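Each of the next two complexes has subunit A plus one more chain, namely subunit B in the first and subunit C in the second.
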Partner chain A sequence: MREGSAHPLLRLLGGTTVAAILGFLILPAFVVTLAAFNGKAILSFPPETWSWRWFIKAIAYQDFQAGLHNGLIVTGWASSIALVVGAAFALALDRYRFRLKRTLELVLLSPLVIPHFTIGLGFLILAAQLGFARGYAVIVACHIVLVLPFVLRSVYISLRNLDPSLELAAASLGAPPHRVLTSITLPLLVPGLVSGWLFAAILSFNEFTASLFVTAQRTQTLPVAMYNYVREFADPSMAAISVIYIAGTAMLLIFANAFLGLGKVLNVEHSR
Partner chain B sequence: MLSIPAEGVAYSSAAGVTSRGVAEPTAVALDRVTKRFGELTAIDQISLAVRRGELMTLLGPSGCGKTTLLNLVAGFLLPESGEIVIDGRQVTDIPTYRRETGIMFQSYALFPHMNVAENVGYGLRMRRLPKPEIARRVTDALALVKLEGVNDRKPRQLSGGQQQRVALARALIIRPKVLLLDEPFSALDRNLRAAMQVELKDIQRKLGVTTIFVTHDQGEALSLSDRIAVIAEGRIRQLGAPGEIYRRPADRFVASFIGDVNVLSARIERNDGATATVAVGGARVLVPAGPLKAVEPGGTVDLFLRPEDLRVAREGEAIAVHGLVRTQVYQGAHIDLYVEVPQAASGRVLLRLTAHEGSSVPPPGTWIGIAIISVEAVAFPQMTGGGRTPGT
Partner chain C sequence: MQYSVRAYVPGSLDPGGFTLDNFTALTKPLYARVFLDTIWICFLTAFFALIVGYPLAYALVRARHVALKSAILVITITPLFLGEVVRTYSWIVVLGNNGFLNTMLLKSGLIDAPVQFMFTRFGVVTALVHVTLPIMVIMLAAALSHIDRDYERAAASLGAGPIRAFVTVTLPLSTPGIIAGVTTAFAWTFSAFATPQLIGGGQVNMVANLVYQLGFASFNFPFAASLSVAGLVLAFAVLALMRAAATPFERIGAQ
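For the complex of A and B:
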């Protein structure tokens, strides 16, 4: 805020600290990225020779292709369903008083407390009992539970930031409740909904622990496929697929930023 | 001087006349309306009739229930008991969107995702009017509030004053049965506020739209209103024209809440049932006897005097109290003189002298006599036990 007033030495120290923190955060990605271009078939850092061939191998690898395909199906369904369910619960929590409201809040946020492997194991046991183990449905259901708190939070914060007098003004101008919702509330919630969906999608797509329990060879998602690969091989194609991962996510965020502004999407900026 | 193209928002029936041609004096009627929030009674059996075309102000300190009352009329809240009638129609159980009230909020509540024209036309789109008619009426409404050439701007690109004009146009375009204003000027700076007040009053009078105006600013209430309802603790303490409220406050609360006031101890000399003469020092003042029924002649009362009712005593003038001049505050058109007076309830007395008298204003440190130049004042029995209400 108040620039220029600090002592030059202090400024230098501050700048160095920020650079160090950034460097520390970026370090793993940086190491992996360099390792991906290794010319040799070993995961080492820094590489001695350079090559694109691990990217080609990773993209061509059958299990990774299937994993990407499965992952997109699971992520698409899970984050979309979680968005609808989460938005509905967020609206209910924000607008209505009802019995067990506090309990509902706790239950909806509980996946943040319960470890992922517990949730995965639970779904595995349940699905086996019900006889549809190892299908997409159980993975999607599992992922919905995992990402719901994030969607809920994102939409809930957007709702809290919404000036209640906007909806009242609309009503006074003759808008019945459903038209207030479609013409005022939902359009103003778009940033929150998009950010909720994005969070859910990224989390779901990257989710490994719970997925390990509920996926089968046929339905394994990309992180699970990567894990299975690394158990048998230790070549840089692992690093290559990681780089693709990072690039994909970055592109998704850039895309979202172009349409809505990153501040709004990440919900760090006030919507007005 | 002002040419206001009112066509777009004009009322089909001239103000105050229904289709049958009979004048309907009451536009909004509240009948023993009560609203509770848990243990708290926010509105306690309030009855109020707002006349057609008038600007009625609900005035009171924050938390007195005035905004709750406005929300009840708008339908944002439902009363526990009592009835609300707008334009002859019982609306107590009718939802907001079918009440045809226009409301302007303190925050203006402009829809941030719509431009100015879309904001103003919102009410008409909800009524599914044909597009050309909406466009025409939006143009007229924006002309009415003197806001042209900004149709495509978003609310955040407008100044505070412009936003307020948009909010007003948006509320008026639906030709509301009653216009509700919730502290509309509090977000504007002082100069703009005065200009907007004059304009709002002009538009309101031109359209003849019944208006309920909520404010805690007594100056605003006095200058804008046809009538004022002073509210405290969920009840109407006094209802009347601004002059009446200022000159003849019904009780101590109203007297101290509206305008600046000095409270002096006085003695009743004579009480004929209609008026009473009270003595303070060598001065005599005539007050209405109504509030003083319980006080015997010779008893002491609190005399409420406006700052402009007092002046520095001249040669031979009857002196009410003596005091030591503490501070002079130059206000442009007048000068406020704070005088230390032990007999005053707050320990000091405020004199408001016109600038013309200002040439002879006694400097701080001067011992002066204060004379009463008003013939109109009010007095109330002294409060027992709880001490005195501070004057200003």
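For the complex of A and C:
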């Protein structure tokens, strides 16, 4: 909340700046939507004719269908495994003190700063040396490493916001530790777990750079299929699928914001 | 898990015997230039993302209406989840010679011929700023929301104008967020691949593109691996340097 004393001119200036920045953020999505409904194969603004044909073409395109299918398999496994592993690590990091704790934290968060091409190439070479084919297992393993920091952060923050006296109360009423975990801790963590899973799923579904290295033609995920499409063709089908993508993601995020409170999950607001 | 990868990359250097030749080859002018270019692009991107991201983060934290706040939040972080390919493609549509921006400029009579945005550093940096902006805003907003507003009120009650209060109180207190944001933006840009590949189109090369070319065009995996290790080391070195350079600022923020 701004102070009432702020100069009106200053507020106007600030408002305009923020609006301009938001415009910059939305501009590509807006332009792509225009391009997707363009009736012709050649870009022109504003479009002379309007049509849905690129949407139909994009949905019917084999590689996009396969990419969606592969992407869902990879995302489902990777984000679910990452959730279990991440939640366990978050619990351990929050509750216990042990040697190398700091190191463990750094190792777990390191995929945030390690270039994705390094991770992708590393997994590719690792798989080749161990004699794995470029199958789903390698992609899933790669994605788990990539999304783990986000799950960890999300669960860790909701653990921090948890009132420890609730657990103490349960324990003092005679609940054994595992009962406390299943009937108090986990239910209270549900928002953090759900948002952690959601973040992991969205990120894994969209992951491109590392996926490019570890996927093969048969296992390519949607972003990889889209990348190949952009390199080969120039028609607005890509714009159409981008629009579907943007709409789907925005809807998921609005849903997440309404039900989970994104601000709290991202640690940008507090329930003070 | 991560250590295995990291330990493995150098280990894979020697399908044909251990050699340091790959690392010596890195110092060739061609590769050295790509490295310097990459660092420069990362720096520019992080800088502009900070300039653009700060007002947005400020508005996000200080917005009065819940609806406005949610709108800003969703608009800001949606791009984060779109993936590099969709966003880069969108920028191609915006920046291309028949693209949105050129058409608009031509129609408004500001220019007579399309301006070349694609395949230029300007185009790549613009798209990369767009890619890194959400994470920058999240980091800045997290720091800004932790600042106790009483400090600003104290400054105001002591007669500081809003601008003075911001520069002397809020800005220094948000330094940890600025450092975290710039560092992350730098690291993310460093690992960007699709943006320089598609918008740079071979004219603007970054380390990621070089690694991919070497790996999949010439199948020189050992060299690609040593390149990505070098990239990793370089990224960490620059980040460490940034941390070191920023420590005095952090101290100001802590006081």
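Here is the rule we go by: the second predicted complex is superposed on the first by the 243 of 272 C-alpha atoms of A that agree within 3 Å, B and C clash if a C-alpha of one lies under 4 Å from a C-alpha of the other, contacts with A are read in each partner's own complex, and residues count from 1 in each chain.
We take it that a contact is a pair of C-beta atoms (placed from the backbone, for glycine too) under 8 Å apart; a residue touches a chain by one contact, two chains touch by 3 or more.
Since we're looking at a predicted model, the values are computed, not measured.
Engineer: Between subunit B (first) and subunit C (second), which does A:V84 come into contact with in this model arrangement: first, second, both, or neither?
Structural biologist: neither
Engineer: Kindly classify A:G14 by the partners it touches after superposition: subunit B alone (first), subunit C alone (second), both, or neither?
Structural biologist: Touch partner of A:G14: subunit C, not subunit B.
Engineer: Applying the document's definition of touch, where does A:G122 land relative to subunit B and subunit C: first, second, both, or neither?
Structural biologist: In the superposition, A:G122 contacts subunit C only.
Engineer: Please work out whether A:L203 is in contact with subunit B alone, subunit C alone, both, or neither, and reply first, second, both or neither.
Structural biologist: Second partner only.
Engineer: Check whether A:L186 is in contact with subunit B, with subunit C, with both or with neither, and answer first, second, both or neither.
Structural biologist: A:L186 sits against neither subunit B nor subunit C.
Engineer: Is the number of subunit A residues in contact higher for subunit B or for subunit C?
Structural biologist: The partner making contact with more of subunit A's residues is C.
Engineer: I'd like to check the shared interface: which positions of subunit A are touched by both subunit B and subunit C across the two complexes?
Structural biologist: On subunit A, the subunit B and subunit C contacts do not overlap at all.
Engineer: Where on subunit A is subunit B touching in the complex?
Structural biologist: So the residues of subunit A in touch with subunit B come to 163, 165-166, 168-177, 179, 183-184, 187-188, 271-272.
Engineer: Which bits of subunit B are touching subunit A when the two form their complex?
Structural biologist: 74-76, 95-103, 105, 107, 109, 111-113, 122-123, 126-127, 156, 170-171, 174, 180
Engineer: Can you tell me which positions in subunit A touch subunit C when the two form their complex?
Structural biologist: Against subunit C, subunit A makes touches at 1-3, 5-7, 10, 14, 17-18, 21-22, 24-29, 31-32, 34-35, 42-45, 107-108, 110-119, 121-126, 129, 144-145, 202-203, 205-209, 212-213, 223, 226-227, 230-231, 238-239, 242, 245-246, 249-250, 252-254, 257, 262-263, 266-270.
Engineer: Which of the residues in subunit C end up touching subunit A in this complex?
Structural biologist: For subunit C paired with subunit A, touching residues are 1-6, 8-9, 12, 52, 55-56, 58-62, 64, 69-70, 72-79, 81-87, 89-94, 96, 98-100, 103-104, 130, 133, 138, 141-142, 144-146, 152-153, 156, 161-163, 183-184, 187, 190-194, 198, 207-208, 211-212, 215, 221, 224-225, 228-229, 231-232, 235-236, 239.
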